[in-house]
Structure formats: structure tokens, C-alpha cells
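We just call them A, B, C and D in the order they show up, numbering each chain from 1.
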Amino acid sequence: MTNKLIIGDKSLDNRLFTGTGKFSNQEVIPKTIKATDSQVVTMALRRVNFDTPQKNVINYIPDECTLLPNTSGARNAEEAVRIAKIAQAAGCGNWIKIEVISDNKYLLPDNQETIKATKMLAKEGFVVLPYVSPDLMVAKKLEEAGAAAVMPLGAPIGSNRGLKTKELIRILIDEINLPIIVDAGIGKPSQAAEAMEMGADAVLVNTAIATADDPVAMGQAFNQAVKAGRQAYLAGTGRTNDKAQASSPLTGFLGD
Amino acid sequence: MTNKLIIGDKSLDNRLFTGTGKFSNQEVIPKTIKATDSQVVTMALRRVNFDTPQKNVINYIPDECTLLPNTSGARNAEEAVRIAKIAQAAGCGNWIKIEVISDNKYLLPDNQETIKATKMLAKEGFVVLPYVSPDLMVAKKLEEAGAAAVMPLGAPIGSNRGLKTKELIRILIDEINLPIIVDAGIGKPSQAAEAMEMGADAVLVNTAIATADDPVAMGQAFNQAVKAGRQAYLAGTGRTNDKAQASSPLTGFLGD
Amino acid sequence: MTNKLIIGDKSLDNRLFTGTGKFSNQEVIPKTIKATDSQVVTMALRRVNFDTPQKNVINYIPDECTLLPNTSGARNAEEAVRIAKIAQAAGCGNWIKIEVISDNKYLLPDNQETIKATKMLAKEGFVVLPYVSPDLMVAKKLEEAGAAAVMPLGAPIGSNRGLKTKELIRILIDEINLPIIVDAGIGKPSQAAEAMEMGADAVLVNTAIATADDPVAMGQAFNQAVKAGRQAYLAGTGRTNDKAQASSPLTGFLGD
Amino acid sequence: MTNKLIIGDKSLDNRLFTGTGKFSNQEVIPKTIKATDSQVVTMALRRVNFDTPQKNVINYIPDECTLLPNTSGARNAEEAVRIAKIAQAAGCGNWIKIEVISDNKYLLPDNQETIKATKMLAKEGFVVLPYVSPDLMVAKKLEEAGAAAVMPLGAPIGSNRGLKTKELIRILIDEINLPIIVDAGIGKPSQAAEAMEMGADAVLVNTAIATADDPVAMGQAFNQAVKAGRQAYLAGTGRTNDKAQASSPLTGFLGD
């Protein structure tokens, strides 16, 4: 078994995707991404500064990374499609993370508009990674719509609350024949590892890295945790037991 | 800040201790320990085979590791002390993990006898690492008794159930001026990472590695997870939020 | 503040809805419903036996209860509408619980088809209670579509796994101006109480009561738990604290 | 099977014990205790005001309740014994809840001193209910020492954090032939219900009731929740399932 993650036309070794929003200054981005070892990096098109290009977040993303622009700011499918095309025209490539959000408090995605946008963009040759509220039927429709992966949320964006939707994500992993990438909510490396142990194909982390006291060190921590979780998944974690199971011989040592 | 873990006379770089019980065959032990990068390795004295020394578990533990023989089989303080002395006489050094267990179903330690054994052995120059049910008052008494670290259980031995005593362990981390090493119950790398993120100083893992389908790969996974958790602890994990926190700009992209 | 639950044209005192599937024999249904004190009882139309009417589940539901037939068996909106109309024609009244399910393994609802069916049936004067995967955007659309309540699942039907989608349900409670009735997954009275403490307006329980060793006693237990949870919600639960807060004076008793 | 709880010489119908510390004013105590239906009520001897007896907390406890004075303020076994005797001499009867606490931050009990005090007081004819950190070996020693029940903490006193030591309490329920009364930490009725569903024999609640916005209503909520949990335990809760289990017939309704 190879351990590559295939998405669209890419074959990836690293399963930690990193987001570039939320960094207090852009200078720290390149070093942090290096520390994460990420091959896929997300960015909001809005952060691309067309007037003073030297401040563009793109300039801080290492060249060897695959850009995954998101459609942040889109409130419906049409706006998401429009943003995707602007991104492509701006040279960001044909990968697109669809975010359609009209709720400003919890930033929860609109699954239905997301399906629509996925269908439209997949038809036009985009590699589409939709961000969704975890829902089996929606994931099945995304599969039909030509999505390249499904990105269910673990908890609201930026909440650092962890895998609060674990039960629903587990079902997606079980039933959907696309990579499942847990996106949003992951606040600690242990939570990233847990997602991977469950069988998620990758995780996307932004806030937890960008807002750590030391983003570079935290990026490295997440990189290791994702690798650890993936490796544990492949190595086959043991059973849990209600009772204890002696790991050392218990009795009779001195009585022999 | 240095990132060394000081226990007794040793300064350790690696914070994953590995146990050698539960392996289905001893041949896999050396490779697994290498994969864990462990510098401290536990073993039951009982497994030391005095008649056919070539089968001794000791022979499978890399020379550069510090041996941490345990007193498995002891039902009271006196037996633990006797086993510790046999271990020392057998050339296992002066580190000793005290296990006093008279309950064969859950294998829960007898804290009171453990305090007694700790006091006796510390006085004789042993580096004493007592395995206990997490309890603040007991940990304080172990500190007074001269323990070199405190090893609270996360869940019953071999249960792979994880950090079920998290609240009590957190209090030990907060209040006790000795290394806190979570021992027993850790079933997955994510749980080891979580213990380290909470501020535990190290973890001891046996069953979860030894009974994995691929112990070597699992040992490596735990090694990475422990490093990730430690690094996250040092890097300062972010706050959790009840609401979402936008990581990308949310509105107005197309309305500008 | 009155403590009535208003749904459609009814004002309810009891917040436990009971389901009638899963009972091993129908004879136990009337006594169980009495024990639950439920005023709303669900039934699958399929269980209505048109040929031997004396075996109809309807005959076992106390007359004073509001019937809530469900559209179990429907795989899309049109089928759900058709079943709703058959139920109405069969004298089951104008309340309808929409279940549109095409996944036979996890029995997860199709939110999109459910929104469609809700819109159609609400227009025709039905009191529509849709069963959904918890999703804020979907709940908002159900509100617009004229739903009388929203019934998010806590875990897959019949799994007895509890409030696994707690975080998402909490958001619905916060944001949606309709009664939120937790449906599916609740396996124990404590879980029903927890849903009510969170601010859910009611819960629907079937499997946990019907498959208990003693369904009548379990029905009574759920009734009490739902009342307890509601009462606690109204009475204002206290804050949690990281440290202890003395409830008795701590020191100095003998030192005075 | 009778459903009485036998402790010492008493046979109790109600399994909710209520504490009287933490109330903002004593006037609310009698009505709250009535609402809880408690037959056993705890009080700190310190709150007994020997100078102005009309302000004594005792005067606010209904006559029919069994008083359970606690030894709050004791820092070791001897002090606990002395307080117990003062309580008895003051007419509080021969029930005593042992609290030996020397840690002012987390208010965690000293199990070892508690065992000692239990032994001394049981010998003198007291009905001794020791408050402990949950620990199987300690509970066994309390059994030998003549305790009438064991009161393990769910979380630190007053923290309202719930059943954080669930795994350890479950083992006590399994292994100890004395009533297990969960004391401290229970913050919501759902948590009290959960303890009872696990098989705890009773729970003691103070802070969660006394500091609720409406203590009387909250007392009633806890009473119902404890009854619900006990009833569910006796009624036999169902199994949990990984997959869904249809509670209504699923397919073919319209296809027949």
C-alpha cells in the first residue's frame, strides 16, 4: 500500500494543509509553512492585494506548494463560482476550496449552495474541495457533482474546539469514496492526530497554528501529529478493554 | 528554556517511555524501541529468565537505554522493596518503577503501600518512580518520600481507554513539583499527545504499541505524537471560542 | 413565563414525545405511553394495518394523544408528501413528521428533500415537523418553508449513542425561532435531561424506551428526566469552575 | 427487589442527599429541602452557631431528615474524630460524613487520614460516610474499617464539572459491597441521573442547588433526575449500536 494522498492531478506525501488567514503578520508565514511541511496551502482571494502586489499573501507562500484559494466572502453558489474564476485568472491555478457562508456568527457553510457551486466548477475543470457541514447525503451529492474531496467541519471556524462532529465525520469516512479532509475547529495537535487515527485523509489547520504564541513551533507540532495519527491508522490501533489487561506478570513473583 | 527532562541523575531528550510486556515475541522489541526513540524502557523482573539468560528480555533492550525494572508481582511494600533489590543485584541499575497491586481485575495500584515502598527505596538511593492512582494527597506524600517522579494512571493497565482520569492528572501537573509521567491506559498516539499538551512531562506506553498490528510503525507514531504534544505545550496552544472566528475575510468580496 | 410548548395549534405541557416502532409487542404500548405522560406519539403509517384494523398500532395509542405519523419509507420529497396525505386521509390528523431517508445503513435524513417536502406540506395546512441532520442553514430554510418545529438527530436512529451532535444542536437552539426537538440517538434518561438543560424544547424517544427490559418503567424514567432537565433549564444552572469552591467552611474549626 | 437504600440503621426511599452550605440565605433551605425530597441532609458543624442558636442551620433542616454533619475543617483523622464527637454531643446524632482536607485549592480529601478516622469512629458506633478521592484500594480499606458507605468525588467540590472520575467510580460500584454515593462535582440534574444510571446508590448535591437562580426549582429538578436515573438503572438501559437501527419500517411503503 502506498501512502500517497491523491487529489485531482496531485499525489501528496503530506496530509496537513495549512491556512494563511489569521497570522498577525505575513512575515512569519513562509517559515511556518516550512515547519508544517504542507504541500497544499489555502488563502482567501480577498487577501490578494492587486494594488500593492508585494504585500500579497501569495508572495509568502513557498513556490512548491499547491495553492488552494478559497471562496471566502461568497454568500451563494454564483458568487463562489465568480471568485473561483477570478482566482484562476489571477494565476492561482485550478484548485478551489468552496466556502459559501451567509451566517456571520457561527460561519457555518451553506451545504446546498456548495453542492451547486461544486457542480458548476467541476464541469469547468476545477479541482473542487468543498467545505461543508458534515452530512452523509450532502457528501454523496458532492461525489456525484464531481468534487475532488470533501472537507467537513470539526467545529465552527476558528473555535479551536476540536472534533465535535466526530460521529458524523466517521460516517463520511466510512461511506464516501473521496478523500475526507477535516477542516475547521481543530485546535490542538492531539485533535489532528485523532482525526487521522479515525481514518480522515488529511486535515486543514489555520487558527490553531497562526494564533499560537510560537506559530513555527506549532506548525511543526501539527506536522508531527498528523504523521503520527496517519501512521497509527496504518499500523492498526489495538482494542479497548473494559477491564485491565496485565502487561507485566502479576502474581507469584516472590512466591515461586 | 531547555527541553530536557531531568529524572534522578539522567537528563532525557525523549519523553516516551516504552514497556516491554505484552509483545507477542521478543524479537520485535529492539526494532520497536528504536522506533520509539525511547531512552527509558520498563521491564518486569519476572521476565528476566535466570536459567536461560539468552531469552532474557534484557537482551532485547538496546544498551543505551536506561532500564526501569518494575516491581510487578508485588502485593505490598515489602515485596516491592525485595524485588527492587533483586533487580539491582541482577545488574538492572538503581531505577525502579514501583507497582504494588493486589487487585487482579482492574490492576489498580495500592497507593498507600506504594508510598511506603517509595520511602524505603529512596532512602537506599534508588531513583523511584511510583505508579499510582491519581490523587493529589498521595502525590504530595510521594514528593516528601523522595520519589523522582509520579506516574499516575490514565485508565486501567492495558485497557487502551485513554485519559479517563484527566481532571485528576491535571491537578497533579498543577501542584506537584516532580515530573508527572502518565502511565497506563494510553491507547492511541492522539491520547499521548493530549497528555503532553496538558503539561505531562512524559508518558509510558506498552500495550498500545506491543499489541498493534505493526508495533514498529506504532512505536514511531507514538514517538512523533509525544514530540508533537510536547512541542504544542511549549508553543502555547490557542484559546477555544464558543463562536466562530473568521480565518478569512467574510463579506463584501464581490460587493467592493 | 408559562412553560407550555406551542406547536401548531396545540399547547403542550409534556415535552417527551414517544415513538411506537421497536416495541416487541403492541400490548405494552398503551401502558408505556401512559408512563411517559406523552401528549404526542409518533407512528409509521406502514404499521397501520388496513386489512386487520384491530391490529393497528393506532388502536394502542391513547385517544387523548396527538398523533404524529411519520413518512418513514419515503426516499424523496414527493413520496413524503404522498404518505402525509394518505395519513391525513386515514384520519391521522394534520400533524406530520417528515422522514426522507435513502441511506439504509445509518438512516440519515436527506435534508434537501426534507426542505422541499416541508414547503409543500406546510402550504397545504399540515403541521410539519421535519427530522434532519443538524445544520443551521437547513434549519433556517425550514423556518422559511413553514415548519412548525425542527427535529435534529442526536445520533443515528436506534443507536442509543446520545447527544453526539451537541455542538450543532446548541447552535440551532441559539439561532432558530422554532421549537427544537431532539430526535434519534437518545439512549438514556440522563441524555434526555442534558438536551433539555441545553435548552431543547422537547425530545423524541423510541428505541431506548421500547427496547428496555421494562419499557413501562423506562418510559416513566424518561418522563421524569425530561421534566428535570426542563426545570433545571428554567431554574438557571450554575457556573462551572476550574478550581474547587468550598461548600463548607474549610479551616480553623478546631483552631478557634 | 425492594428499592430501599439501607445505610446504617436507616432504610431510605430517596437517593438524593442535599448539602446546606453555599446557600445565600438560610431562609430558602427548608423549602429547598422539601423540593428535593431528601431524607439525609448534610451540614458543617462550623455553621452551628452556639451563641445565637436561632440562626443555626440546624433550625432550617426539617425534623424528619437524618442529619449528616460533616467534619469540614478537619485536617487530619484526629481532628475529624473530635468534630464528630462534638457533633454527636450537640445532638446531631451518630451519622458522620468524614471530610479530611488539607489542600485549600482543590479541596481534595486525604484518603489515608479518612481511613483512619473511619476506623476510629466506626468502632465507637458512628455511622460513617467517608468522602474520598475515588480509589479502589482505599474503598476496600474503608469497607474493612467499618464504613457505612463510600462517597467518591465526581470532581472537585463546588466545581459543577460533573462526573469527571466516572471510570474510577464505575469500578467502585462494581467491586465494593457498600453503597456508593457520588459526592462533589455534580453540577446538573443530567449528571446526577447519569451517576444513578451507572449504578451509584445515591448522590449528594449542594452547590448546584444552592447557587441556582431558583434553588427550590433546582432542588425539585435534581429530585426528579435522581429518580429517573435510578429507575432507568432498574429498568435496564438498552445497548448502544454503531450503526442505525430502524425504529420505523424503512422502504417499500409506496412500492407495495
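Points to keep in mind about this one:
Note that a contact is a pair of C-beta atoms (placed from the backbone, for glycine too) under 8 Å apart; a residue touches a chain by one contact, two chains touch by 3 or more.
This is a predicted model, so every value here is computed, not measured.
The fewest steps needed to get from chain B to chain D, moving only between touching chains, is 1. Comparing B-D with the candidates C-D, A-B or A-C, the pair whose contacts agree for more than half of the residue-numbered pairs is A-C. Taking the CA centroid of chain C as reference, the farthest chain centroid is that of B. Counting the residue numbers used at the interface between chain A and chain B, over half appear in both copies, so the two copies meet with largely the same residues. We define each chain's centre as the mean of its Cα atoms; on that basis chain A and chain B are separated by 32 Å. Spacing of chain A relative to chain D, judged by their CA centroids, is 46 angstrom.
The multi-chain contact residues of chain B, meaning those touching 2 or more other chains, are 105-106, 108, 156, 161.
Applying the touch definition to all chain combinations yields A-B, A-C, B-D, C-D. If you check the complex, the residues on chain A that touch chain C are 102-103, 105-106, 108-112, 133, 135-138, 140-141, 155-156, 161, 164-168, 171, 175. On chain A, the positions that touch chain B within their shared complex are 19, 21-22, 44-47, 70, 72-75, 79, 82-83, 99, 101, 104-108, 156-161, 187-191, 193-194, 197, 206-208, 210-215, 217-218, 220-225, 227-229, 231-232, 234-254.
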